[in-house]
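Presented sequentially are two complexes of chain A, the first with chain B as partner and the second with chain C.
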Partner chain A sequence: MHIVDGALSTEVVVAGAVLAVAGISYGLRKIDIDAMPRVAMMSAVFFVASLIHVPVGPSSAHLIVNGLAGLMLGWAVFPAIFIGLLLQAVFFGFGGITVLGVNTINIALPAVLMWWLVSPFLARAEGKSVLLAGFVAGSGAIALSSMMVGLSLAASGQEFVPTAKLVVMSHIPLMVVEGALTAATVHLVKKVRPVMLAPVGSLRSAA
Partner chain B sequence: MPRFPTLYGIVVLIGTLFTCVSAQAHSLHVFAMGNGDVIDGYAYFGGGARPHDAEIHLLDDTGHIIFAGKTDDQGEFKLRVSHQQDYVIEANSGDGHIASFTINGDELSDQLPSGGEGINVDVSQIDTTSAFQSGKTPSPSTTIAVDHSNAMISLSRDELDSLIDAAVSRHIRPLREQMVAYEDKVRFSDLLGGIGVIVGIFGAFAWFQAGKSRPRQQNKKP
Partner chain C sequence: MIGATTVLMPSRSNSVLSRIDPRFRILAALTLIITAVSFSSWQPLAMLVLTAVIFTGFAKPDWPRTLKMVLAMDGFILVMLLMLPFTVPGQVMFTFWGFDASYQGLFQAVLIALKANAAILVLIALVGGMDAILLGRGLQGIYVPAKLVTLFMFTIRYIDLLRREYLRLRVAMRARAFVARNNRHSWRSFGYLLGMLLVRSHDRSERILWAMKCRAYHGHMHFGSLPRFSPQDYLFASALILFTAALIGLEVACPPLI
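Showing the complex of A and B:
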């Protein structure tokens, strides 16, 4: 999921950076003081989650948790993912500094999309349908992210169909795992603290 | 009541930390070593798995691609080079992961002509399955004359040199592999440092926002 320095053409890197800056600044405006701990926590969870491995055939994939982060943060997922990615690049050498923008877009945009699609349904859902909504958000975000990775590699000159196939295929088991994880987490959060799923920025007016 | 999500978050975070201390990054790495006139090595993912048929490129010290090929099923490759110089080997698994590794010219046999600007380097890939032993012998031309009558072995100086080179590089190899693997490992201190930075960034941000909103709250209260 983390594209490294040197894999992408300059145009893609620049376009990714511009889009990411737009997303991050929009996300930052959505964060109020009440949402701050939530954003920080999801950023930390994203930072750490990439070290948890899911064996995929001969290789392995790591958790991304962007679906979960999207449901919890909405647009504020952009700064959260960006900071997580930045630190992963600096501390572990995942991804890289020049491709930060592209990676942020690839991971955060599907999260926002899933939030936009699923959270209205999740707000009304109860019981089993909460699990279903969580699963759809978790696995859908991974599916979209891996397609976007394929797309960014294709835009840099690789052939789209084989590349996308390779990336998406290797993430199918991860989709299942992330879906289950997101479903379980959302179910629990909805039961014990539903306000955490309320859109960022609405807490003050709700309180 | 408001304390609860923070507590929950901390519990989740700590739980996650403990499950993943031994886990490793999903990132591509490549290891290679020069031995005689052969560069052999392998590409591997952070978890230890090997990519099948990953693309490999051999670059000379000026960054020009002088050879392009693929690894075998085990992620291994073996290249014969014609000149002694620094090389960079680059592996690309095709899904956005690229890794590179520098091979110091000193690792290759001194008997090779030294390469440089404008010299064409011949590179050929050796089939890693059929020619298994070819890399182990120091160079194909080395022959050892054994005099059976008094169990004396006569070697030329060059032959002795390349034999010693081969033996030393064979013994050093596991050590180098271990060192590279150690460098790639994600350390617990890195993890804690990263989380500390995240807390710091958002803490500073919260402080800034709290400073902005305080006058408004004071106005509201009376």
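Showing the complex of A and C:
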């Protein structure tokens, strides 16, 4: 899912950075003082989730769970994912610095889209349809993310088109796994702390 | 996987670079990486890689960890690099299973590999030795919004906490003979694991909020002010500008690879 420094063309990098700055500043405005610890906790959860490896097919993959992040954070997912990626780039060397913007957009935009599409439905859903909503959010976010990674590669040059196809193809098993996993998580959270899935954009303290 | 705990470890390196102001180091890393990414000949990139390796050596890093980091990144892009000679049209170098490999593609792969390695090495040499607090202060010093820096500091604080919680829950799962496999039961269990992690962290963040409010929290992190710039900071900055100018000169002088 990460693109490294130097692979993308300048236009794509700059466009990604501009969009990411816009998304992050809008997301930051949605976080009020009371929500700060909660958003930070969530972004830490998603950072830790990216260290969890689950078996997928013959190998294993680490979780991305951006669909779930979107459902919980709404627009605040932009700064949360940006921070996760920054930490990964600086401390683990995954992903690059100049492509931080592109990577943030590729992961956070599908998350916001899934939040916008799924959470009004999820708020009313009960029983089996909760699982369905979770599955759609989880697998849809991965599908969109991998397509956006593919697109940003393809936009950088014709020669990357086969790589882009490979990226999308290799994420299909992960879509299923993340979908199932997100469904289970949403099911549990909805039962235990339904307030965490509040469909309103504002993240006012929900104690 | 490298433990997330290392995120919080204070830097112990006492190299020349660690005495430079964090603001200068972050800006220097940014300048060098952005310059490097826009190069199109290999000579300045190779020079940058070499210089970054030397500076990393000066910083006396944790060698196994650094090496693992660089190799992991290279392994990650290997597939893309191997595909490039076959997908870029151009002068045929050799044919493999009916696919033509072109020189142009090979050159592009070499360039991308050099750029990616230069970027990661510059980052390790200049920013890698910083601990999280110093990095946060440096980011605030270069006018990254206070809210974002606060979120950054809080996140770092919680990562270690949550990782321990995660390991605790995994032990509980193992005690009940859970083995991760490729089936719905495993995925559901992982889903519940993540859900429990979220629920617990949510409750914990509420408690933290109340505790912080009692201590007059009003929205952002307070850092001790950074020291004034010293002569060696300015020396570092001018050396960096000269070095970048030299790299750009080399780029202009050398023919582009593709």
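By definition in this document, the second predicted complex is superposed on the first by the 183 of 207 C-alpha atoms of A that agree within 3 Å, B and C clash if a C-alpha of one lies under 4 Å from a C-alpha of the other, contacts with A are read in each partner's own complex, and residues count from 1 in each chain.
We take it that a residue touches a chain if its C-beta (ideal position, glycine included) is under 8 Å from a C-beta of that chain, and two chains touch if they have at least 3 such contacts.
Treat the numbers as computed from the prediction; the structure is a model and nothing was measured.
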{"item": "Partners on chain A (chain B, chain C) - clash or fit", "value": "clash"}
{"item": "Which superposed partner A:A61 touches (first chain B, second chain C, both, neither)", "value": "first"}
{"item": "Which of chain B and chain C A:G127 touches, first, second, both or neither", "value": "neither"}
{"item": "Which superposed partner A:I83 touches (first chain B, second chain C, both, neither)", "value": "both"}
{"item": "Touching partner for A:V149 - first (chain B), second (chain C), both, neither", "value": "first"}
{"item": "Chain A residues touched by each partner, larger count belonging to chain B or chain C", "value": "C"}
{"item": "Region of chain C that runs into chain B when the structures are aligned on their shared chain, from 60-68, 222-230 or 240-248", "value": "60-68"}
{"item": "Shared chain A surface residues [contacts with chain B and with chain C]", "value": "2, 4-7, 31, 33, 36-41, 43-45, 47-49, 51-53, 55, 83-84, 87, 91-94, 162-163, 166, 192-193, 196"}
{"item": "Residue ranges of chain A in contact with chain B within the complex", "value": "1-7, 31-33, 36-41, 43-45, 47-53, 55, 58-62, 83-84, 87-88, 91-94, 149, 152-153, 158, 162-163, 166-167, 170, 192-193, 196"}
{"item": "Sites on chain C touched by chain A in the complex", "value": "1-2, 4, 6-7, 29-30, 33-34, 36-38, 69-70, 72-73, 76-77, 79-80, 83-84, 87-89, 105, 108, 111-112, 114-116, 118-120, 123-124, 127-128, 135, 145, 147-148, 150-152, 154-159, 161-163, 166, 180-182, 184, 186-192, 194-199, 201-206, 208-209, 212, 217-219"}
{"item": "Interfacial residue positions of chain B with respect to chain A in the complex", "value": "4-6, 8-9, 12-13, 16-17, 19-20, 23-28, 45, 47, 49-52, 92, 94-99, 184, 186, 190-191, 193-195, 197-199, 201-203, 205-206, 209-210, 213"}
{"item": "Residues of chain A touching chain C in the complex", "value": "2, 4-7, 10, 13, 24-25, 28, 31, 33-34, 36-45, 47-49, 51-57, 63, 65, 68, 72, 79-80, 82-84, 86-87, 89-94, 96-98, 159-163, 166, 177, 180-189, 192-193, 196, 205, 207"}
